[in-house]
Amino acid sequence: MISDKQLKQLVEAAIFAGEDATTIDQLLGGVLANFRLNRPRIRQVLDELKEDYRERGIELVEVASGYRFQTRPELGPALVQMWPDRAPRYSAALLETLALIAWRQPVTRGEIEAVRGVSVSTQIMKTLQERGWVKIVGHKEVPGRPALYATTKAFLDYFSLQSVADLPALAVPRPELEETFELLSAEPLDTRERDAEEESEQ
Amino acid sequence: MISDKQLKQLVEAAIFAGEDATTIDQLLGGVLANFRLNRPRIRQVLDELKEDYRERGIELVEVASGYRFQTRPELGPALVQMWPDRAPRYSAALLETLALIAWRQPVTRGEIEAVRGVSVSTQIMKTLQERGWVKIVGHKEVPGRPALYATTKAFLDYFSLQSVADLPALAVPRPELEETFELLSAEPLDTRERDAEEESEQ
Amino acid sequence: MEPEQVAEQQSLPLGFVRGEPVFEQPEDLYIPPEALELMLDLFSGPMDLLLYLIRKQKMDILDLPILKVTEQYMVYVEMMRELKLELAADYLLMAAMLAEIKSRMLLPKIAADDDEEDDPRAELVRRLKEYEIVRAGAGQLDQQPQEERDFFVANAATDARELAGQAPAEVGVDELAAALLKVMQLVDVQAHHQVQRETLSTRERMSRIMEALQVQQRVEFATLFSPEEGRSGVVVSFLAILELNKEGLIALVQADGFSQIYVTRSTDTTYNNGNNEAEELLA
């Protein structure tokens, strides 16, 4: 059993912690999976939360892909000043994650991490989705129902690609990598981590 | 002039909208730049916000790099079910390496290996840097100019620490550390490293 | 140092044999290979093993029982060597150091005045004390609340960033191609720069099919093919459907032998709350 207060706290925390908007199904299948709750009950909690935040700096809204908290529109002009202009650049970690999603799509975050050998930060996934390059196209039906990520048409448009298949032709092989490949091919896959490191140190 | 209610809404929205933790200076220089407000006033607002969220699913906390909202710790186990592939697990080797860098910083890889009695995998160093927990702050002026590693605020934030001294085992003072810091401060921080860190936080 | 630290160390099993934790070294000093491999995972290096052996003697590091510890350490290392286990090099280095200290301890003392300075164990004791701090620090780190394990950062979306006109970062296709190359070599060596274009087209098509299934619970098999794409496009779609089916991301259903084939999302029945499907179809 779960008290009304606990239920509201869980729903609130889950929506705040989500990378993007959260659906009622995600709540029922995830954070509330251990409780027997129905959709009307969750809707009621969401209505209460909306009410709780009525006078606050942020509000709970329902968008096409679910529920999310967002800053109150009238605060926008003042909040603008929190982000002074600067020319940002993407990190190697972000680009590698994007390349991996393009190549292995549809792919879960866990699969990306397994290949890269390091964890992928939530911020990277969020940036890629905010940019509209990556989207969730479904969920893998395994425990936890992890999201499946794929590249979008906006991704192809941005990079002027007809298809993801146009990418490898552009990838110019670097001669110093050839050696690494030769060394690598003599060894089984589990040693790849160590070899990848050698490469990154060059 | 700004009403108490508006001020609280702005501070609240700015903290929620920020990618990382937000400092009082960032608030004063950003969202509140048009108002003549002082730090005690902001502290008071922050205290009120803490109080407002006392019973909610999230709480306002102060970490090494500023203020942020985060989910209440007791909700962790239920929330992890929502994103099982986001839950990280770190090896003893990684945690020891990280603890050592925190304690002996700035430290070279060779020095880490000397204490741990085992070679440090490049994968571990890569993971620590990609997570933004560790960065290169300079090079030791000995043959080979090995990189000097130090921990970042992002490391403290991640482990909910205000300072390395919050870890009692590592809080033991080391007199020789003082000297190292003096030496280091004579040398300007490698700015490329700092830029790289900013990028990776996008 | 702290007593609880000792207790923790004591309760650490040497390994697990058929699910049973092994706390004590068997009398005949035989440790099954599988236990030893697990033990290697348990210890983060030779210092960790050494610390464990000292704790097992219920001794203070300061009174390092070098003879006993060296003896036991050598037993482990000998077994590692027999089993040709990796990591042995770091352990061998420590073995050599222990052997050296042991031999120096056995030598008659030349000038027995300053015992502190002359103790051959002094350097190892210093290192062990230092390592003990690191080990305790790592343990404390692990106990700390960790992001995405114990708590999640709460963020809200905002339109202010767009208002700010903050231009998103620019990146060129060549950078992306270089990133792809880097990632590819992590995974499949054979493939490197000549990953078949077909594979990529297929993966991309798989995404589009998953996306279509987000809108509709099931679609007719035939609608996933567009004749205007020509023969190669049809092949790509077909391969994508086969691959999705193989990865368990979709299911192919047919009411009877000759009726229309439908492609559906593979559904998880554990949490369905009845009217999901109707709502999704309406959405």
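Chains: A, B and C, in written order; residue numbering restarts at 1 for each.
As a working rule, contacts are C-beta pairs under 8 Å (C-beta built on N, C-alpha and C of every residue); 3 or more make two chains touch, one makes a residue touch a chain.
Computed from a predicted model, the values in this text were never measured in an experiment.
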item: Chain contact topology (line, ring, star, complete or other); value: complete
item: Distance-maximising chain from subunit C - centres being C-alpha averages; value: B
item: Geometric centre distance via CA averages, subunit B-subunit A, whole Å; value: 22
item: Whole-Å separation of chain centres (CA-atom averages), subunit B against subunit C; value: 23
item: For subunit B, residues contacting two or more additional chains; value: 13, 16-17, 19, 58, 69, 71-72, 79, 83, 86, 88, 202
item: Touching two or more other chains - residue numbers and ranges from subunit C; value: 148, 152-158, 160-161, 169
item: Residues of subunit C defined as touching subunit A within the complex; value: 148, 152-161, 163-171, 173-187, 189-190, 192-195, 197-198, 200-201, 203-204, 206-208, 210-211, 213-214, 248-249, 265-268, 270-271, 273, 275-276
item: In the complex, subunit B residues that touch subunit C; value: 13, 16-17, 19, 58, 68-73, 76, 79-80, 83, 86-88, 90-93, 95-96, 98-100, 102-103, 114-119, 157-161, 167-170, 172, 202
item: Subunit A to subunit B touching residues, read off their complex; value: 5, 8-14, 16-18, 26, 30-34, 55-58, 69, 71-72, 75, 78-79, 81-84, 88-91, 93-94, 108-110, 113, 117-119, 121-123, 127, 143-144, 146, 193-194, 196-198, 200-201
item: Residue ranges of subunit C in contact with subunit B within the complex; value: 44-48, 50, 87, 90, 93-94, 127, 130-131, 133-142, 144-158, 160-161, 169
